[in-house]
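Next, two complexes with chain A in common: one pairs it with chain B, the other with chain C.
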Partner chain A sequence: MGETILEVTNQRTAFATGRGLLQAVDGVSFTLERGKILGVVGESGSGKSVLSRSIMRLLPGTAVTGPGSRVVLNGQDLMQMSEGELRRLRGPQMAIVFQDPMTALNPVLTIGKQISEVLTFHLKMGKRDARRKAVELLRAVGLPQPDVRVDQYPHQLSGGMRQRVAIAIAIACEPDLLIADEPTTALDVTVQAEILDLLQRMVRERNMAMVLITHDMGVVAGRCDEVAVMYAGRIVEKAPVTELFRNTAMPYTAALFASIPRVTDPPHRKLDAIEGRPPDLINPPPGCPFAPRCRFAEEACRRTVPELEGTATHQWACIKPLNREVAA
Partner chain B sequence: MNAPTGKIDAFLSIENLTVEYPLSRKAKVHAVTDFTAHVRRGETLGLVGESGCGKSSAARAVMQLPRPTRGSVRLDGKELTGLKGRELQAARRRFQMIFQDPIASLNPRQTIRDIVAAPLEIAGIGTRAEHAARVAEMLDLVGINPDQAMERRPHEFSGGQCQRISIARALILKPELLVCDEAVSALDVSVQAQVLNLLERLKGEFGLTMLFISHDLAVVKHVSDRVAVMYLGKLCELAPAETIYRHPVHPYTRTLLAAVPEPDPEALRDRVELIPGELPSPVNPPSGCPFRTRCPYATERCAAEVPEIREIAPGHTIACHHPLLN
Partner chain C sequence: MHYLFRRFQRLFIVMIVVTFVTFLLVNILPGDVAYEMAGMDSSEAEVEAIREEMGLNRPVLIRYAEWVGGIFTGDWGRSFINKEDVWHAIMQRFPVSFELMILAQAIALAMAIPAGMLSAYRPNGRGDRIIGAIAFASVSMPSFMTAILLIYFFSLHLGWLPATGYEPLSEGLWANLKPMILPALSLALVEWTILMRTLRVEMISVLQENYIALARAKGMSNRRILWVHALRPSSFSMITLLGLQVARLLGGTIIIEQIFGIPGVGRLLIHAVYTRDFIVIQGCVTFFALAFVTANFLVDIAYAWLDPRVRTRGAHG
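So, the complex of A and B:
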């Protein structure tokens, strides 16, 4: 239907550690179309942030990328590119907003300088034009008094304002793909709502594609078209957002929903906690990685790793999916 | 000045609590201003608000860590603010605290046995052998295997496990009041649910009274009987949990609740549009109502007059000139 912007195929990313190879991302595949928002949810250690850096090719030297991994952006295979070629791509074609707005900005440069840098490098703008454009971008992301703020340093801004600046830098060259890695986790709820509104609006207005990475099911519920749930480095369920919430197939997703405290619950309701902890990714258990914590697990679950299966729109990695008697 | 809080039989009474931090000779941070709340025995009072609203300062002032600038904190009728040295130490056995960062709040060089036994050591209760037995009992209670854990150090445990160990340490003296400052905020949801369930269970077993501070409104609702909302150091609204979530009356409470991202794609979002801008500085808080600079309903009166805390229904108090009653 829409134009495909991003195609990730069998992405595998591991890190060499003292105890052995840690498989942080273990065979992730998905595609993303222009104008769409894909939510990637998971708990810490599920591999969602490593996935975002794998797409941006922003991995540290210790990272080992699997031989079959492919990331294709606008028809270009990023694996085949040199660091110089990638640098020219980051900004105009893909950009990332990180979780921590305190450390993502350079503390010794004014925010105007940090935005202009992108514009002069990629768009070859002159100093004066770049500054004018920087003020315009700051206004677009809703920073109050942009013509004053442009000459200030990051420490003079609040966390929410800094995140707006980070977004201004990310969208400066109108990228086709924006990756937002926990963009609001460090912020208060009222500010979070404003930043998410902003990101959503940017994607719609500029017809970008966005990968929104978060641990918060509430954030994906209101903001995404499609959601991928990650566990132990894999996508374990993927579906359009309403389908995922209304017709959950994977026991892990269901268990995650059940463990969330909700404002609509009466006080003191006992939560359905998931017992145990996520698996050790250096020595993962055999079979389904969720099997040791899954209350529906049986012998077969501990033997083979389930592949993603299902329909064209809704997939799950489970041999005993929930509510699927008819579909099977 | 005293708020009509429907004089309840309070186990913990916080009255006109004020916390100020000096910045220079002239300026000071008004972290908490005239905060009043009463907590019944066995009850959990939730304290919510965004960063900088003074909720942690209020909690620490209750703990006398450090003591408040003004105001009174009474536990079971005993005034805590005047206590010093040994008297304060003795009183502290009755109130303990759990902090946000589970790993940083445990000494990395000590074994779990020494960490959990520390309160007994400080209070001078029992022998070393008795300590070991008590520590084992407490670890067992919070779901940590004592045989495997006692001689290990904090870095060998996950965040959730460290928080369980903190809970064991906080409860080893059998306190009556437990103050939790963002105690589950650093944990993943699946682990957070385990720790919340544990706290609820132990509250029953130990007959605890709790002051539960969090920025997460869903978590607070989950554990609280009553909830107090703070903004810029002041109380906005205090009511039974169900009431405040269902019928918030203070514009700020309504804003805060509407901003909570609900894990439901079809949830209706009735957002109260805030006046754009930033949280005012607690060094120079606005005159009158602290929320007026961002409140869409603010009038001249809100700038001129500090809204008194008043009771609009039994047990439901607010500080607002233009409450959203309908």
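So, the complex of A and C:
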């Protein structure tokens, strides 16, 4: 067993809305070790971003965190920390890369300034050292002409290059935990693989741990050690990638696999989006939240919410898992 | 290049319109300078003789053309009353008015920026509501009323600052600033509120931006996020307003210079109005228009500083 970096226990995050409490994250637990990549996959609205912000403790004022929720980073309980203490961890111990690189960088500050400020702020580096380090980081993330780019503004860079800059910012203080929230969703298909390869390389080279969030099963394949599938704020299946692919238990996971675009597809083919819509998180239906959309759902599925069960390496939240007629 | 040309084109049109309207207004108004010069108990014939001598009997358009031609060649004419060169008279008093306006805007900004930030940081929070109430009270009072209250309180009651007077900078910085504080504050107390509200609205939306979320995720402090990350992108409307306010401020200084006995362009203008010295009036108004256009030209330059996107666009085309 490697060194545990992140331990999330029963994380529950809700938002106070006009219609009532919206349960965006509903009892998520997992642990992540150094050097490992955890993929978090789910449709849009399944709570992935709220989960990532819950871990970083960067929630808006309307958010309510459930009483039993615990996030432990490097042995420190984040729930017990003051805002000032958390601030010292953001950057040096945990960092995040956002989805949309076009809006994630400040339009009025140079690239160099946006990288070096974390160095001067957290590591108390001098201005010139910080600038030199910024150029070095830009080189490390594969930005061409880093010593020219360092003085440029975000609008002078392409989307892919901006995402490289965002990654440079995230790894600047050598954090132990890196959260990448759909880091390639807003990018051209051709650059997506480059950015994912870069993230993977950074995690391996710097021996970090990464949570890689995506709605695309195709992204996690071959890159993650373990994959957690999210639906309606819960983890509904979790397993190492190959196990998940070979022995898919949840019909929802199977549907996600079916929606991966294939190279053999004719261009612009419409994806097999999963039929139906995610449940209302303010007034969830009774029973399994996926039941209303599930081909295999039975009466029992609509009665009780299934708990995560299974083996030490593969868990699912389904009372009628696929490929397992004999097991149960 | 093209951009600059268009700007000058606009400036030219503005100046023609402003000078023409002023000229007409001043010349349509009843009572002319000839009466003033001839004295109270002069005969109609004497007044007519003065008109003849000064060319006041010629058609309005001809006199306008003459005067505007002079403006463009640097000859702003001479006062009918004391024969002082108009350009010279304005330039002598302008630094005083300029200092007053700069000081007023500086005080207004120094109040508006922190207050606007605090309001935007927690909209509808307690700080926001207190600031909103103060701003409302402050903007409800016209500057001359504020001036009278300030004089009463700080000059008469506390005796901290003089109620009237002006000292040139050669007397020392503090001696120069001291009598300027209350007049500048009177102007600023009206101007800061609208700057503050504009900044507040724009900053509330900037604080929702992804790059602010990223700054938080980088562990930056709230103060740094507000001052370094949010202020500049939130300042566009405020800067535009700063330029437009110059017009109101020019009007404000006329009254305030009068109340506080400050020898600025406003006083020159008021005096010229009393004496029907219309060439001075025309000169002052033209000068105000020029000042306004110049201020807004500076605002355009400030945009480039605020927003690198404008800057590089300029560099490419």
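The rule is short, and it goes like this: the second predicted complex is superposed on the first by the 312 of 328 C-alpha atoms of A that agree within 3 Å, B and C clash if a C-alpha of one lies under 4 Å from a C-alpha of the other, contacts with A are read in each partner's own complex, and residues count from 1 in each chain.
By our rule, a contact is a pair of C-beta atoms (placed from the backbone, for glycine too) under 8 Å apart; a residue touches a chain by one contact, two chains touch by 3 or more.
Computed from a predicted model, the values in this text were never measured in an experiment.
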Is A:Glu275 contacted by the first partner chain B, the second partner chain C, both or neither?
first
Would you mind checking which one, chain B or chain C, touches more residues on chain A?
B
Looking at A:Ala24 after the superposition, I want to know if it touches chain B, chain C, both of them or none. Which is it: first, second, both, neither?
neither
Scan A:Thr190 for contacts with chain B and chain C and give back first, second, both or neither.
first
Check whether A:Ala134 is in contact with chain B, with chain C, with both or with neither, and answer first, second, both or neither.
neither
State whether A:Glu43 touches chain B only (first), chain C only (second), both chains, or neither.
first
Which holds for A:Met217: it touches chain B only (first), chain C only (second), both, or neither?
first
What is the contact status of A:Gln156 with respect to chain B (first) and chain C (second): first, second, both, or neither?
second
Touching partner for A:Ala255 - first (chain B), second (chain C), both, neither
first
After lining up the shared chain so the two structures overlap, which partner does A:Leu105 touch, if you call chain B first and chain C second: first, second, both or neither?
second
Show me the chain A residues, by the header's touch rule, that chain B contacts in one structure and chain C contacts in the other.
none
State the interface residues of chain B toward chain A in the complex, per the touch definition above.
50-51, 158, 160, 188-194, 196-197, 200, 215-219, 221-225, 241-242, 245, 255-267, 269, 271, 274, 276-279
Using the touch definition from the top, list the residues of chain A that touch chain B in their complex.
43-44, 142, 144, 158-161, 188-193, 196, 215-219, 221-222, 241-242, 245, 255-257, 259-275, 277
Flag every residue of chain A that touches chain C in the complex, lowest number first.
56, 58, 86-92, 95-96, 98, 100, 103-109, 117-118, 121-122, 153, 155-156, 166, 169
Chain A-facing residues of chain C, complex:
209-211, 213-221, 224, 228-229, 232-233, 306-309, 312
